[in-house]
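Each of the two complexes below includes chain A, the first together with chain B, the second together with chain C.
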Partner chain A sequence: MPAPKSTRFLAACAAAFALLLLACLAIGAAPPEATMGVVQKIFYFHVPSAWLLMLSALVSAGGSLAYLFRGSERGDRVALAAAELGVLFGLCVLVSGPLWAKAAWGAYWQWEARLTSSLLLWLMMVAYLLARRYGGPAARRLAAALALFAAVDIPLVYFSVRFFRSIHPQTTVVSTLGPGMRGAFWLSLAAFTGLWFVLLSVRLAAEKAQAEIVELEILLEQAEEEKS
Partner chain B sequence: MTGNFLRHTLLVAGKDLRIEGRSREVLYTMAFSAALVVLVFSFALSNAADPAQGPIVAAGVLWAATLLTGTVALGRVLDRERENEAIRALLLSPVPRSAIYAGKLIAVFLLMLAVEVAVVVLVSVLFSTEVFAHPGYLALVLMLGTLGFAATGVVFSAALLRSRSRDALLGALLFPIVIPALLAASRATACMFDPLAPDLQPVLFWLRFLFATDVVYIALGLWLFEPVVCGD
Partner chain C sequence: MTQVALAYGFIWLAVFGYVFLVGRRLARLQAELDDLRRRIERQKP
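The block that comes next holds the complex of A and B.
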């Protein structure tokens, strides 16, 4: 007999947090970078957050596509949950990036392609939530269109360091990492992604429960009307 | 099929432009707001203007005015369909929804372009910039930049047709999406306004970038307009 859903979920949570703890230990044990020293450790936090911002935007667009063209309610819930996570992890990128930049470049912010496109992607995720909440009768379809337009920005964020003259480190920096750093980086990436999946499933369960409550309320109202 | 699509598109665009031609409401309001935006920037930046930064400032003001007044055009052109529920009649008519989108796009595009011509002249006077050094490129950048803005804007403006907070939301939702195109347009414009620019290579780069984003935005608009507007 398969384990009940709640047990499987708790196991996934425990695994994700164990991985996160392990990643923290690995980041602590990783050797400091030669020129930047301890500041470079932001990298283990910043890069996974940036990857999750892009993943969130992509998943939100996928969910929106399913909702818009197939009327999938689940797709809509996935799009909303992913957009919320996009805002959360985007905030992590936009806070950790400038902290590193102040130490490495001497300024918190530079107007260059990677920073601008990441900021825009984050703003689009915030706009998605705004559209969802205040968009009126067509809010969900409007938000879905926004998520699909936002998806155009994802390749722009990823390839911006190659297409434009950029002072942001290149995407190839990962393959140049020392052995101690590489392990910590991949572990941190896996832990963050695990955390993302756990948060997504929690949010999806909450949204599903919310939809069920609304359905029950409607049924209750109908029953009361019939009674009276 | 293609001929029909084109005919329907031109019918929708012609209808909007004819209404506008009779009242000139959107055109006059847009032109006046655009002039005010340029004036406000001109007052605000008059003491800070470093001659070397002049072309960048002029290009920025031109596109900021376009962005802000374009929202007025988008709001009004689609708003007319709300009066007497005209949108319902339009959607029920035997016209493909993508042709309605394309028609609205053409109407907004032409209105914005007409106002931009006036804005360019005003910017050239108030910011003492040589704006007509490369008239062909300038026309191309204005057209491509405006097309990208209108292509996205029509989808969102139509989706917000029945929303009460439409005026507040339209800009908030639209600007993050169109900023990449407008950044490209403003960079290209700054380069061609600059008499000291060594060559026009950056202009060509940004023009290609604008063209690519326009193609994507229009394709997405044609594809998404129907499910977004006709979901109920």
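The block that comes next holds the complex of A and C.
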């Protein structure tokens, strides 16, 4: 007999967390950066979180596109799950970034292009979830349109440091990392991405179960009516 | 060092919290599904 879904997901989550723990060990072993010292280590969790915020917004937009133009229920479920993960990892970016900035710039926040566009992307993901919850009968379509609108902000977030005058480190900083730092960074990125896929599948399974419950409740009602 | 601990602590807590909430929700939904399936089975002649 196969293990129940929740047990399999628990095992997958444990594997992803083990990889994340391994990444933490590599980060601990990585040499401190010459000018910033130990505070630079925030980078190893901050950048993967930022990547996952953008990936979540992109996947949410893809799912919404499938829902709006092909009526795909699966697309809608993917969009919702990805938006929720976007809010989670966006929050991680918006908390870890200012903690690094306080040490690097002397201020938690600067209204510059990268930070502002990232905050906007996160707010649009939050708006997606709010629209889903309180949008009334057209909630799903309204939220899908919001997800498409949010996708426009993704290239803006990524290229903002190139196109605008910005004090935020450039995207090329990864290629300048020393050998000890590079391995820790890629391991952390892989661990975060693996965790993202596990969380997405768990969230999708929950949405699928919810849809099945609605179907079964209708079936049960019909069966009870037939019996009486 | 305080900033590093705060950043890592927050991210671990947020991700663990989310996993806990979604896992609990999935387990509840599965229990509900199993219960509905049993009730439908009982209705069959």
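What we mean here is this: the second predicted complex is superposed on the first by the 210 of 228 C-alpha atoms of A that agree within 3 Å, B and C clash if a C-alpha of one lies under 4 Å from a C-alpha of the other, contacts with A are read in each partner's own complex, and residues count from 1 in each chain.
Definition applied: a contact is a pair of C-beta atoms (placed from the backbone, for glycine too) under 8 Å apart; a residue touches a chain by one contact, two chains touch by 3 or more.
Only a predicted model underlies this, so the values are computations on that prediction, with no experimental measurement involved.
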Partner chain in contact with A:191 - chain B first, chain C second, else both or neither: neither
Partner chain(s) touched by A:38 [first = chain B, second = chain C, both, neither]: second
Contacts of A:199 with chain B and chain C, given as first, second, both or neither: second
Partner chain in contact with A:141 - chain B first, chain C second, else both or neither: first
Partner chain(s) touched by A:94 [first = chain B, second = chain C, both, neither]: neither
Which superposed partner A:181 touches (first chain B, second chain C, both, neither): neither
Contacts of A:10 with chain B and chain C, given as first, second, both or neither: second
Which of chain B and chain C A:224 touches, first, second, both or neither: second
Comparing the two partners chain B and chain C, which touches a greater set of residues in chain A: C
Chain C residues within the chain A interface of the complex: 1, 3-4, 6-8, 10-11, 14-15, 18-19, 22-23, 25-27, 29-30, 32-33, 36-37, 39-40, 43-44
Residues of chain A defined as touching chain C within the complex: 4-6, 9-10, 13, 24, 38-39, 41-42, 45-46, 49, 88, 91-92, 95-96, 99-100, 102-103, 195, 199, 202-203, 205-206, 209-210, 212-213, 216-217, 219-220, 223-224, 226-227
Touching residues (chain side chain B, partner chain A) in the complex: 152, 155-156, 159-166, 168-169, 172-173, 176-177, 179-180, 183, 213, 216-217, 220, 224, 227-229, 231-232
Complex interface listing, chain A residues touching chain B: 68-69, 116-117, 120, 123-124, 126-127, 130-131, 134-139, 141-142, 144-146, 148-150, 152-153, 156
